[in-house]
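Read from first to last, the chains carry the letters A, B, C, D and E; within each, the first residue is number 1.
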Amino acid sequence: ACNNSEKTDTGGTDAEAQSGEGTINIGYTGPLSGSAAFYGERTLNGVQMAAEEINNAGGVEVNGKKYKFNVVSLDDKYLPNEAGANAKRLMQENKTPIIFTPHSGGVAAMQVFNQQEKFIIGAYTSEPKVTEGGNKLTVRIPPRYDGYLEPFTNYTMEKFGKKIAFLPTASQYGKDWAEKLQPHWEKAGGEVVYNSSIDFAKDTDFFTIITNALKEKPDVLFIGGPSEPTAKVAKQARELGFKGGFIVMDQAKFDEMKKVTGSYDVLNGSIGVMPLVDSDSPGIPEFVKNYRAKYNEDPGSEAGLNYIAMYVFAEAIKAAGSVDDPEKIMEHMQDGLDNLPEDKHVYVIPKIDQNGGFEGELIVAAIEDGKVVPIKAD
Amino acid sequence: MLFAIVFPFVTQNDYFIHVMTLSFIWMIGVYGLNLLAGYTGYLSLAHAGFFAVGAYSLGLLTVKAQMNFWTAFVLALMITSILGFLVGLIALRTKEHFFAIYTLCVGYILYLVIDKWDSLTEGVRGLIGIPAPANIGPISFETPLSQYYLVLVILLVVILIVYRIVHSLTGRTYIAIRNSEDLAQTIGISTMKNKLEAFVLSTFFAGLSGALYASFIRFIGPDIGNIVITFDLLTYLLIGGIGTLSGPIVGTVLVVWISQQLQFLQDYRMLIFGPILTLLVIFYPRGIAGSIAGWNARRAEKKLAQAQLDERFSQRAITAENQVKEG
Amino acid sequence: MLKLQDVSVKYRSFTAVHNVDLEVHPGQIVVLLGANGAGKSTIFKTISGLNKASTGIIEFEGESLNKRSPDKIVQSGIVQCAEGRKLFPSMSVEENLKMGAYVHRKHKKGIKQSMKHVFELFPILEEKQDDMAGSLSGGQQQMLAIGRALMAKPKLMLLDEPSIGLAPLIVEQMFEVIKTINTEGTTILLAEQNANAALKIADKGYVFENGAVVLEGTSDELFANDEIKKAYIGA
Amino acid sequence: MFLETKNLTKKFGGLTAVNSVDFTVEKGKINAIIGPNGAGKSTFFNLISGFHPPSSGSIILKGQDITNMPSNKIAELGIARTFQTTNLFEQSTVLDNVFVGHRLRTKSNLLDAVLRSKRLKREEEQCREKALEVIRFTGLEKVAGKLVGSLTQEEKKRTAFALALATEPEIVFLDEPAAGVNPDETEGLAQLMKKMVDSGITVCLIEHKMQMIMKLADKIMVLNYGEKIAEGTPEEIRNDSNVIKAYLGGSASA
Amino acid sequence: MEILVQQLFNGLTIGSVYALVALGLTLVYGILHIPNFAHGALYMMGGYITLMMMVQYGLHYWLAILVSVIVVGLIGVLMERLVFYPLRHAPPIHDKIAAIGILLFLEAFAQYIWGADYQTMPTPYGQVIQLFGLTFTMQRLLIIIAAITVMVLLYLFLKKTYTGASIIAMSQDRDGANLVGINTNRVAMLTFLISGGLAAIASSLAAPINLVFPGMGQLVILKAFVIIILGGMGSIPGAIIGGYILGFSESLGATYISNDYKDIIAFILLVVILSVKPTGLFAKGGH
């Protein structure tokens, strides 16, 4: 009954499909409506752009046969049960060897049956449990963020002082970050004077909580979450007279924050991840140019990382010599990373750990005198 | 019903089975809502909250307390019902919109507690690794098909229970309360006791539905307690026909199916789904099941009219069904 | 003044009023008699525009009312004091009266004048002018409803069972008030169960049964009719 | 004493709607309450039936103090009532209305319903019998299957009677049972009330229809501004100057 | 002490926004007995339209708000005509579901037109004022002043004008209003117009201190519902006072009790109040 389905055409036309070429369906389930839609769309953009580029370059050749990618995307409204249903549907109707999803609930719901039904989950979530739970067909796309702790702590503590107030987003990611940062900060001799979080989905105004945080006279604020509200938090902290530095969690991007604050001046003294567009990784210029042309905005890491992941999967498929055996593809993920052409290195990801987590290199940047300056990690 | 039993063999489609199983789970919750809103006239918007309490009770008892599945299952239902009892005791003092919004707030509190109390519930991270239903003797519930039948059997029991309640003196009592609570009270009906009964039963079904959900999806996050879920359930009920027995089934299947069908619209499906919902409510105010029952009743009425009434009156036995159908 | 020709009214498939012809001349008091459910209120609601006639013509001062909305009908001078009173329960007595003069809202002075007049007719209302209408007793509410209708200074006033639930003493007063209003120049169409009292003040009457007019005549003619006596006046 | 009130008082804010009323209802008789609009008659009923809690005073039924009981308990003790604005289950049929009227005499609960127990079946039968009985009693056979919303005023009043009777009361309190009903039908309702008394039920009613009251009542109490100003036989009341001044006026017509 | 005063000011700011939103909601509830779940969507539309007027058409802030008030008011009217009017005889649950349908539609619509991401509304009142160690920003002062002005004007309108009184009259008896010559259809439309306008003002005032995004209505709508039952549904002073109670309880609760649980505080407050007084604080007697 569901034949009139939902193919997002990504290059491969029917005509090509008939002329002895194969199609590999790639699944995607994520929030495409509701309050998290912007996030879902950006992750999907990365996957789609990569698939399209590969198709335009002739597709992938596996065992002498040409294949093109077709991304099939479904909306799950950020709900695990919908993600589960979508995955079932994708398997049933499209036989997708890989399904991307950008939330841990969706990953968890799919992990119930992905090994039985044989598909790889492209998990865009920083939750370590998704790969540490023993599921053999899950790839965790975002790199671990532990590496940020050191440079962030060193930089701000040196420049501003030892007292920090925590005000990250109330999401799981924000809380994980805070949990990791706290011992680190304290070990370095600092003190956490205020520890709370802001729920951007429920708070209308951040003045109240910032007032409370500033009451403790912190030297540094740890903030983060989606870029725009994070920028608001920074701006309002400045309005309330805060003069110290910011540690900006990696979910927020300086370049996107700037759109809200107007200039980098407000953010002086912040340390965070290098905005993708300002990074000097080899794949950046090309990627940024194409992305802007296609989506009319600057790409962020959601797009960038999923873009790479799609490429890596393509390379892994080639290396595995199989388009429909996820286990085999999984075995060749490291080959996929190794074979990734230099000019696609939007991020540098040299390794995948034995559980399926990408281990990428981190690039850190600070804002000084209204400019983004790279900071050497390690 | 027969269709539901043979359905898996007809389709052989995992995805359909998955969606149907989920629909059945929702239906159980919708029946709970129907019993309360449809028959006693009290619209509870805390339903998702109780759904989540059922799900989390099961999840926590199995994952954190490592309890045997079925023990946890029974306990989860008891916890939900007891909570429902306590909430009902206070909430039922309010009426109409106040009750609706009071329960909306209760639901929201339940959601916030689940969301914020992360030392217990894992907060936004959610609970991972909830086990599937444990074997009952030789029957195992690991495969989607066996889960489908498990849920179906439970659903049928729920329907039977609701059917019997509605067609009994208790059901009439509920309907009397719906029609005029003051009057019910003056003819000697303890409205509080009856409302509370219906409310607890309704939360029991919500908890049952939640516990089944948790063991089927095997992951739960605070979002399942969100008011959006209540509205989903309410939508199923209203589209199907509130205060009718088949309404929950019709509505759930229809809306879930429409919503799945509209997937091809991608980001814009709510652009279509919203108006469809509104139009259905405007043009089928009694729901699909209610409208069909209405047509049938009117046809029957035309045919038989008063002649039959007189006859019915002179008979000693008057079938119970005809009286409960209205509304 | 008011003329109904061949008017029928339906509630969905049920025809509550069949082919009614009715006429009210300026200055008259006309009474509609009839058992419960005979269709009196339905006729009233239809004249006021709350229901729509399915067939027939309703004319007021030579103009058709069929397509007019209820508020326009009030503006043209027909005000109804409805069954069930339809007061604004959480507004004070005074505010209720003020709202009665909604169509004359531009004339502040006139409103004061009318209100004084109403208070003269119903002193109890003046006493309770700051109380919520909803807290009045049934009879007091009925007075308020009539008072509110008077505030609009109608040319034609429709009174739907004004004596319902009133004490005998008040009923007497009520009919006197109606008579007074009438002599002051308001034409009145009245629906009543209390045929005795109603016919005493009326010029003309119509008897309704099952939604149709079965009898019409001057009040004397109707008084003389034995069947009417038996059915509506009592032994 | 069958039912009596002592010093019964009800205040709404500053207003004393019922003021220290002592009243006894005589068993097996027709007791009437009359008085001007706003005298507190309906409020008096509301107090007895447990609809409002009294501000002070007490209500005693056969020696038992029922003053602050919830209305459903009072109904169980055998007190039934009708409302001034006829209050019925509008969307149900007459039969269904009356059917639940007997619910208070049954015991079956949720479990019985789920299990379809013998008790439930027996009690359903019992309710049906009762419903048919009171429908016959009130003469509603012809409209038993109609929705209450579509009935005439008089039929609604009868249905309200039937509903009250289905609770198997010892006393019924009727608030203006003949309001909005024409003389012919009023007579019918009066007959019905007599029939109720004949079958052993005590009747207490509020009415403004003096013709009917004077013929029907065994005993009348008159309220004015919440206070009892007179009590006695119709004859006594008719000639009481206070009552004439406050209520009856010149010609006690209607 | 300073903190307390600063937090009171913060509470006042946010309470003003809440009160404005709740007012629109309570007005529609009072008159048509519709708990309009789509009110949050009107709030969101208000934010977007003001933003679009400023950014795309370069209108001044106030002018943009004016346009937004009119447009959102008209959307409200349209909603009444197309959805709630046909449902006027339906049971109340129907209104709720229909409103949810509208809500889903408008959110999807906003996402379709303006995209799903966060946007920033510029304001000409970005100045920061430091006074006695307290921080005010012009925009926040503006929120408070504008909100109070609007509320006073609305109050005067309802109490002192016949048109206002006709809104109140209709809220109590629709037929009765008809019978005294009020055009009830027009009053219903007027009410939705005002309600939409209030939502637009609220969001246009609040947007510069937060962000504009499709889900922004959800931030306030649930709270607005809490407020209107707190204040007694349909009660105008109730909505205003309820708005400020909630604003203060949030800012003070976050300071002196717990930031994480501050939302719960408001809801528990409500549950407690309703448990004691089942019809809200300002419910009117008699019916």
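FYI, a residue touches a chain if its C-beta (ideal position, glycine included) is under 8 Å from a C-beta of that chain, and two chains touch if they have at least 3 such contacts.
A quick map from chain label to UniProt name: B, E = Branched-chain amino acid ABC transporter permease; C, D = ABC transporter ATP-binding protein.
Values in this document were obtained by computation on a predicted structure and should not be read as measured data.
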| task | State the smallest step count from chain B to chain C, taking one step as a move to a touching chain. | result | 2
| query | Measuring from the mean C-alpha position of chain D to the mean C-alpha position of chain E, what distance in angstrom results? | reply | 47
| chain C-chain E separation of Cα centroids, rounded to whole Å | 42
| said: Report the inter-centroid distance (CA atoms only) between chain A and chain E in whole Å. | reply: 36
| So, what's the distance in Å between the C-alpha centres of chain E and chain B? | 32
| task | Mind pulling the residue numbers of chain B that touch at least two other chains? | result | 267-270
| message | Where in chain A do residues touch two or more of the other chains? | response | 33-34, 37, 41, 170
| Every pair of chains that touch: which are they? | A-B, A-E, B-D, B-E, C-D, C-E
| remark: In the complex, the residues of chain A that touch chain B are 2, 4-6, 8, 32-34, 37, 41, 73-75, 78-81, 84-86, 88-89, 91-93, 104-105, 108-109, 112-113, 117, 127, 129, 133, 170-172, 175
| query | Okay, in this complex, where on chain A does chain E touch? | reply | 33-35, 37-38, 41, 170, 196-197, 199, 201-209, 211-212, 215, 226-229, 232, 236, 239-241, 259-260
| message | With touch defined as at the start, can you tell me which chain E residues reach chain C in the complex? | response | 162, 165-166, 168-169, 172-173, 175-185, 284-287
| task | Using the touch definition up top, name the residues of chain B that touch chain D in the complex. | result | 161, 164-165, 168-173, 175-176, 179-180, 182-191, 197, 201, 306, 308-310, 312-313, 316-318, 320, 323, 326-327
| Hey, which residues of chain C end up touching chain D in the complex? | 14, 35-37, 124, 135-140, 142, 161, 163-172, 193-197, 230-234
